[in-house]
Structures are given as structure tokens and as C-alpha cells.
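So, here come the structures, one by one.
Common to both upcoming complexes is chain A, partnered first by chain B, then by chain C.
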Partner chain A sequence: MYFFAIDLTQTTIDGLLFGSTYALVAIGFTLIWGLLRILNLAHGVTVMVGMFAGMLSATIIGLPFYLGILISMCAGALVGFLIDRICYRPLRAAHELVPMIATLGFWILIEEVFIKIYSKFWFRDYVPFANPFDGAGLEIGQIRLRGDYLVTLAVATLLVIILYFLIYRTRLGLAMRMIAEDHDIGSLMGVPVGRVLTTAFLLSAAYGGAAGYLLGMTANLAGPYAGSQAVVKGLFSMILGGAGSIPGAIVGGLSLGVLELQSSFLFSFAYRDAIAMLALFLVLIVRPQGLVGKRTADRI
Partner chain B sequence: MLEISRISKSFGGLMAVDSVDLSVKRGALFGILGPNGSGKTTLFNLLTGFLEPTAGGVRFEGNELIGRSPEDIVRLGVARTFQVVRFHKDSTVRETVWAAQSMHLGLRDLFRTIDAPSQRDLAEEVDSILERTWLKPHADRLARELPFGLVRQLEIARALATRPKILLMDEPASGMNPSETHQLTEDIRRLRDGGLTIVLIEHDIEMVMGLCDRIAVLNFGRKITEGTADEVKSNPDVIAAYLGTKKKHAHA
Partner chain C sequence: MIDIVAITPLFSISLILALSCYLVLKSGEISFGQQAFFGAGAYAGGILTTMFGWQLVPALILSAAAGAVSAAIIGVSLCRVSGFRFTLMTLVLGEFAKEVFVKIEWRSVADGRAVGPEGPLGFSGIDYFYNHGIQHGMQAAIASGLAILCVVGVWLYGRTDPGRRLIAVAGDPVLAASVAINPIRTRLLAFTSAGAVAGLGGGLFAHQATYIEASNFSLMVGVHAVAYTLLGGLASVLGPVAGTTLDIVFLEGLRVVGAYRMVAFGSLIVLMLILWPRGLIGTRSGGPP
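Moving on to the complex of A and B:
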């Protein structure tokens, strides 16, 4: 019983640490959802591109961790720029489903093209991703905190603090909050809506890129399907926590991390996703607005 | 400065604005008068890019405004206040004006905080706008907690923060008591004397007559006359369409 309790605690802590990557992905989703009411399905592409940019810089070039993260964020942001210019801007006057379908198309197109290119270079489903923190860790009594998980949590925390600073202290953030509340009214409030939204896409995508790096590093692997997986995990986290809410994205991401590892530990790895989905289903029956979302769509 | 030529807008079969020509000179205080439903607000919506006209054009300082987004039009220097006021619910008065300043700023300024040293000039500009619109003592109150008269002032402050060359005001006196209206009249005159061109929509005849140096009258989407206050007042069409049917205080 004692060892079971230790293992349970260990799994929960691992889940919380690892869940911070999901939280980062969910933040990217929730920013765009909160501002535009668009499900940016192309968000997974930013994660995949971030992961491969990280793999190139960490494994192939051998750059240090912090530079790799920055490169991944820039690579992600570049994808975000394209999403804004291709999927959102030309279609913003159309029905809100139209840009969402455009992001779906963007996702499928980029992923397919990437897989074709990928399979010319590598003949495996995964390529190794250098993990400088592999084996490192912190022992607290019987509990062990994995070094790469701790770094992941630290990066995610730093990015969340930066995001909160941007949203609650800067002119950009105020403009974003105004647009989120009333999308049509932004430009007549003197807010440069187009520029603010482009910045939001860049920000959202940069966070996706960082998540891609961290996901690759903690798994020691980079794979071309990482983007699709991230879309599922990120959407799950966002909806579990409450769509459009940043605290919701964080709570949702961390909960998903714990849920996944606990269901692998308590039941079986094979049922991991099924159990997570069941949990989401039960939460949504009780709280349709998500764990921390407010009933009256109070966005961002 | 602002040239409106044969602009029309129909909703279904109804001509909301029917082939209206207007020309506003720099430094003018131009009034557009008309009963409710005469197409005044629709005309503003056409000028500011919220509606596409069925026909006609609008030139502002040589630029065609039709086809541009509301954002572009604000950036060219055309600001507008609204009849129905909407504010972000969690922002203070100062923040509201501060945000409205963003239109002309570069990306770098967007990432600055309200009290950043590099933003001092911009913060001073906000202060000066608040001072001019009587909002200085209320700067740190939430916008939604302002009494109604001051909410109207905040509308004006927000428009001024976009650094307009021309200000389109949609019934700024609606819902105001006589002393507030009197104050507003003074304020508008002062803005004009400060170099701003102003176009004012009103159905309060006395206010427009006393304030504007040129007045156009709309009825059923058509311009029925244009001229000075005295010319308009003595026009038989105006009396028939507006004054005659509604007596003197025509609060339609």
C-alpha cells in the first residue's frame, strides 16, 4: 500500500509536469478561439514545425537548449504568420466556419507535404531528439522529479508569466481583451484590429513551437504526426478547462497530463486515450463550460 | 476635404440613402439634420466603411474611402462617435483612451506598458485628451461606471485619441440634459477652433442651428436642401418635411 501511494504520487507529479506541454498547446488554441471564435485546426502544424526546428537545432546542429527553444518559437511564429495570411485574412468577412475549414485544409496539406519530404530523408517513423537533461533529476524522498520535466515546467511557467504580462499590462493586451469582448467594435475603438490579430496568431504559434520543442525533447523523439496528436491533446485540454480561458487552458493541460499517466498506471496504456475521453465526457456533463470556464463566455 | 458624390444605399427595395451629394470644407462645422429614419446614420456607416454603398463615391483628402476597411479609414484620419456607446467592461477611462491611441503606433509600442518611460509622450497625449473632455478627475474609474453625460465625453475622447482630421459625430447630445448639451456645444466649438473639421448628425434642430456653419437636411434618404442656418430655416421643403409636421421641438 505504501509503495502504491508513492507510485500514485509519482505519477501525479509526472503528469502535472508533463501536462505543462499540453497547457502550452491549449493556450495557443484558446488565444485564437477567444479572440476570433475560430478553431485554429492548423495549430498542430506550429507544434510539428517547432518540434522539427528543435530537432534540427538540438540533434543535428547541436545548439544549446535555450537557443533551440527560441528557434522553435520563431519557426512556429512563421507558421502562425502563414495561417493568418492564408487562412484568416482573406476569409475574415466570410462565415466563421470558412476560416476554420481553411485551417483544416492548411493542416492536412502541410502535414502531407511534410510527410513526403520526411520520408525522403528518414526511413523511420521517428527521429531522435537530443535531450540534454536525460537522466538528470531531483530526488525528494521517494519521489523523483525528472530533469527534462522540470525544465519543461519552468519554460511553460515563464511563457505563461510573459503571456499574462502581455495581456494585462500592455497596450496590445488591452486591445486583445477589447477585441475578444466585442470583435466588431474593435476598430471603432481605435484598436488596429488587423495588426493585433496578426500578433495574436504569431504569439499563439510561437507557443505552439515551444510546445513542439518540449514534446520532442521529453519524448527524445520527433515524428511527423506530432502535429495531429497535438491538435487532439490541445483541443481536449482547452475544452476540459474551458474554451477561451487562459487559466482554463492551463488547468485543462495539467489535468490531461495527470489523467493520461494515471490511466496508464492504474489501468493500461492501451486505454489511456479512452479513459481521458471518458473523463472529458463526464466533466462536460456536469460543467459544459469546462472546469474553469465561465458560463457567459467571458473570453481571455 | 470630404467629398461625397451621389452616394446611395438600398436595403432590399428601400432607398435608405438616395443619391446624396455633400462637400465638407476643411475647418467646417457641418450639420446633417433630419428626422429619425432619414438615413443619417446610414450615411455615416457608408463613410466609415461599415456599409458598402450601392452606388456613389466618397473622397477624403484625395483618397477614395469606399472599399476600405473601417480600420483603414480611421487611420486616414476619419474618426467617429456612436449613438449607442459600447465600452470594454473591465477597462478604466484612461485605458480606453490609451487603447484608442494604438491605431497609428508601431508594433514596438504595442508591447509597452501604460507607464513605460518610452511612452511618456503618448501618456501625456492621453492626459491632454482627458483634460479637454472633462474626464481627468475620472481617469481611473471603470468606463462602464461613468454617468451618462461623461460616457458621451469618453466617446469623443476615444475618437480624439485616433488623431483625426475630421470627426463624425452621431447624435452626441442624445440623452443629455440641457446643461450637458450646452457644455457639449461649447466643447464641439472648441474642437473646431482647435483645427478639427466636424460633421454632426442631429435631430435636435436648435443645437444644429446654433452651432453649425453649414447644414444639410435629409428626409427619406434624400438631401432636400443645404445652406446656412437661416437659409435652411426658411426653406419651404424643410418646413414641410420636418419643422411643419413636428412643431419646433422635433424629438422624433
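Moving on to the complex of A and C:
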């Protein structure tokens, strides 16, 4: 019983630490959803590009961790810029589903181009990703905290603090909050809506890039299908917590991490994803607004 | 030139799945989870012909029923939500179904050899066509016949009372409810019918492919079906036909762009949306695209 309790605590802590990457992905989704009411399905592409930029800088060039993460964020932001200019800007007058489908097309396009390029250089499904914190760790009593998970949590926390500072303490954040309420009124009040939205895309994509680096580093692998997996996990976290809310994305990401690891510990690894999804489905039925989301009027 | 016999089954199956998405889109919602019912139909049809020695026609009917029943069960809670919550729930549903398909393991002995789905190893040996001597030409005829049946069925659905109600509910659920149309029941009926169409397509797919596994029913399958429909437009049932033709016939069949088919398809979606946001065969008035 004692050892079971120890293992249970260990799994929960690992889940919380690992869930912070899911939270980062979910923040990217939730920012765009909150401001524009579109699901940016191309967000997974920024995660994938961030992961490969990180892989190139960490494994091939051998740059230190902090530089690698900056490079990943810049690479992600570049993709975010493209998403804004190709999928959102030309279509902003159209129905809100149209940009979403455009991001879908962009996702298919970039993933396929990327796989073509990838298979020219590598002949396997995954490439190794250097992990400078491999084997390092912190022992507290019987609990062991993995070094790379701790670094992940630290980076995620730092990024979340920066995000909160940006949103609640700067003019840019003020403009974003204005736009989240109403685009037209924001524009009448002199907010440069287009420019602020471009910044939001850059920001969300930079967070996606950072998440890509962290995901690759903790797994020691980088693969071309990471984007699609990140889309699923990020969306799940966002739904679990409540769409459009940043605390929701954080809570959702952390709970998804705990849920996945606990179900593989308590039941079996094979049923890990199935149990997580069943829980998600139940949450959606019982509490459609998510764990911390506010209740909004539905159309029916 | 184009090999019609080789391309027809693929075209028909893609079209049937796109029609399923079209029915859901007509109710004003986007579903990324139709591949779940497609998979349910595929497994049901495959199990019936290989393990129980059923004929193709009853097996396909049961495939459609499997799709319809699973859609009805899930639709009871799903049709109460709308907008992006609906889309996200279908996304979860699709991924969950894939997890379920990996777990299906049911072996038995038929004609002196072990058959049935083998969990993660997939479900092989669905060789009804081979055992009954149905050649490629005949297979193509069966596939295209079923596709035409579905096109006509979906077209008729839009012409009849439930279809009219569906348009009203998609336009404004509150207004529809005020003229005694039950929005939830109307959408549930459409969702169940969409499940039946997808299930039928799945049954056909299982026999055409002879081997199925969970990864055949991944998110991208559902995403493509939605993309075909939106490329083609929602104004009429010809929309999904046009969208599927564009991808399967021009990009896959004629190999206009060689091995870069998916790349071309992705850029085509983005380009088309910028040029004709309402699809090839779209309406001019407002409302969802």
C-alpha cells in the first residue's frame, strides 16, 4: 500500500510536469480561438516546425538549450505569420468556418511538403533529438523528478508568466482584450485590429514552437507526424479546460497529462488514450464549457 | 489515360464518405468524426462475410445499420451541442473510435482457417470478392452502383420533409422550434442517416481493401471527406461529387501533379477558399459556406 501511494504520487507529479507541454500547445489554440473564434488547425504545423528547428539546433549544430528554444520559437512564429497572411487575412470577411477550412488545407499542404523533404534526408520514422538533461533528476524522499520534465515545467511557467504580463500589463494586451470582445468596436476605438491579430498569430505560433522543442526533447525524438499528434492533444487540453480561456488551457493541459499517465499506471498502457478520451467525452457531456470555462449560450 | 476500373472503387468510397459529411454539414455542423461510423461499418461488414459466411448484400445492409446505430447512440448527446463544440466532440469521437478498433479481437475458424479481426494486427482476409469470383470490372460496377444509390438517397433526403426541416434548423434553430420543428430530433435523424451512409461506405471499403486496420480510419480520412464537400460546395448534392472528382480523378487518377498529389490538394483548398469561398457549386446567398 505504501509503495502504491508513492507510485501514485510519482505518476501524478510526472503527469503534471509533462502536461505543461500540452498546456503550451493548448495556449496557442486558445489565443486564436478567444480572439477570432476560429480553430487554427494549422497550429500543429508550428509545433512540428518548432520541433525540427530544435532538432537541427540541438542535435546537428549542438547549440545550448536556451538558444535552441529561442530558435524554435522564431521558427514557429514564422509559420504563424504565414498562417495569418494565407489563411486568415484574405478570408476575414467570409464566414468564420472558411478560415478554419483554410487552416486545414494549410495543415495538409505543409505536412505533406515536410514529409517529402524529410524522406529525402532520413529513411526512418524518427530522428534522435539531443536531450542535455537526460538522466539528470532531483530526488525528494522517494519521489524522483526527471530533469527534463523539470526544465519543461520551468520553461512553460516562464512563458505563461510572460503571456500574462503581455495580456494584462501592456497596451498590446489591452488591445487584444478589446478585440476579444468585439472586432468592430475595437477598430472604432482606434485599435489597429489587423496588426494586433498578426501579433496574436505570431505569439500563439511561438508558443507552439516552444512546445515542439520541449516535446521533442522529453521524447528524445523528432518525427514528421508530431504536428498531427500535437493538434489532437492540444485540442483535447483546450476542450478539457474550456475554450478561449488561458487558465482553462493550463488546467486542461495539466489534467490531460495526469489523466494519461494515471490511466496507463492504474489500468494499462494500451488503454491510455482510450481512457483519456472517454473522460474527455464525459466532461463534454456533463460540463460542455470545460473544467474552468464560463457558461455561454448555445444555439440550441 | 485514366484506368477507370482501378479508380472507380476509390472514387465511390471517397464519395460515399463525403456524402455522409455533406448530410452533417447541411445541418450546419462540421464533423471530423464520420470515419468512426465508416470504420464501424467496415468491421461489421467484414465480420459478417468472413466469419459468418453472409452474402454481400445483407452484410452491406448490416454495415449501414451498424453505422446508423452507432451514430444514433452518440448523436443523442452530440446533437444537443452545436458550433465548434460539436466539431471538437466529433474529433474526440473519431480518435476514440480508432482506439476501439485497435482493441477489436474476435477470432473463429471458417472454412478451415482462422479469420476475424486480430486487434492491433488488423483484420485481414476479407476476400469475399475473390471467393465469389467477382472480377475487378464487377467490383467497380458494385462500387459505383452503391455510390449512385447514396447520391440519389441523399438528394431525396433533401427533397423530403426531414430535409426541409433540416435546412430550417441549420438556418435558425430557435425560429425552427417556434414553428414546431424539434431541432434536436431533426438533427439526430440527419446524423443517423449520415452514419448509415458512412457505414455503407465502410462495408464496401472493407471488401474492396480485403485488409483493414485502425489506421485506415484516422483523423485525416474524415478531414479529407469534409474537405471534398467544402471544395465542391454545399448548394446541392453535386457539391461532394465535384469535390471528390477534383481530388480523386484529376489528382489521383490523372496524376496531373505526379507524386505531389497531397501537396496540390492542400494548396487547392487554400486557393479555392480565397477565390470561391462557397465552393465549386455554391449558393450565392449568406449562411454557412
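Throughout what follows, the second predicted complex is superposed on the first by the 295 of 300 C-alpha atoms of A that agree within 3 Å, B and C clash if a C-alpha of one lies under 4 Å from a C-alpha of the other, contacts with A are read in each partner's own complex, and residues count from 1 in each chain.
The working rule: contacts are C-beta pairs under 8 Å (C-beta built on N, C-alpha and C of every residue); 3 or more make two chains touch, one makes a residue touch a chain.
Note that the structure is a prediction, hence the values are computed from the model and not measured.
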Just chain B (first), just chain C (second), both, or neither: which does A:125 touch? neither
Requested in this report: Please indicate which partner A:134 is in contact with in the superposed arrangement: first for chain B, second for chain C, both, or neither.
Outcome: neither
- request: Quick one: classify A:101 as touching chain B (first), chain C (second), both or neither.
  value: second
Answer with first, second, both or neither: which of chain B and chain C does A:87 touch in the superposed model? second
Under the stated touch criterion, which partner chain does A:166 make contact with: chain B (first), chain C (second), both, or neither?
first
Q) Given the touch rule stated above, what does A:182 touch, chain B (first), chain C (second), both, or neither? A) first
Of chain B and chain C, the partner touching more residues of chain A is C
Chain A contact set shared between chain B and chain C covers none
Within the complex, chain B is touched by chain A residues 166, 169-172, 174-175, 177-178, 181-182, 185, 187-196, 199
Chain C residues touching chain A in their complex are 30, 77, 80-85, 87-89, 91-93, 95-96, 99-100, 102-103, 173-174, 183-184, 219-220, 223, 226-227, 230, 259-260, 262-263, 265-270, 273-274, 277, 287-289
Note: in the complex, chain A contacts chain C through residues 33, 37, 39, 86-87, 90-91, 94-95, 97-98, 100-102, 104-113, 116, 228, 232, 235-236, 239, 243, 270-271, 273-274, 277-278, 280-281, 284-285, 288, 298-300
Note: in the complex, chain B contacts chain A through residues 48, 69-71, 74-75, 79-80, 82, 86, 88-91, 95-96, 98-103, 105, 107, 109-114, 158-159, 161-162
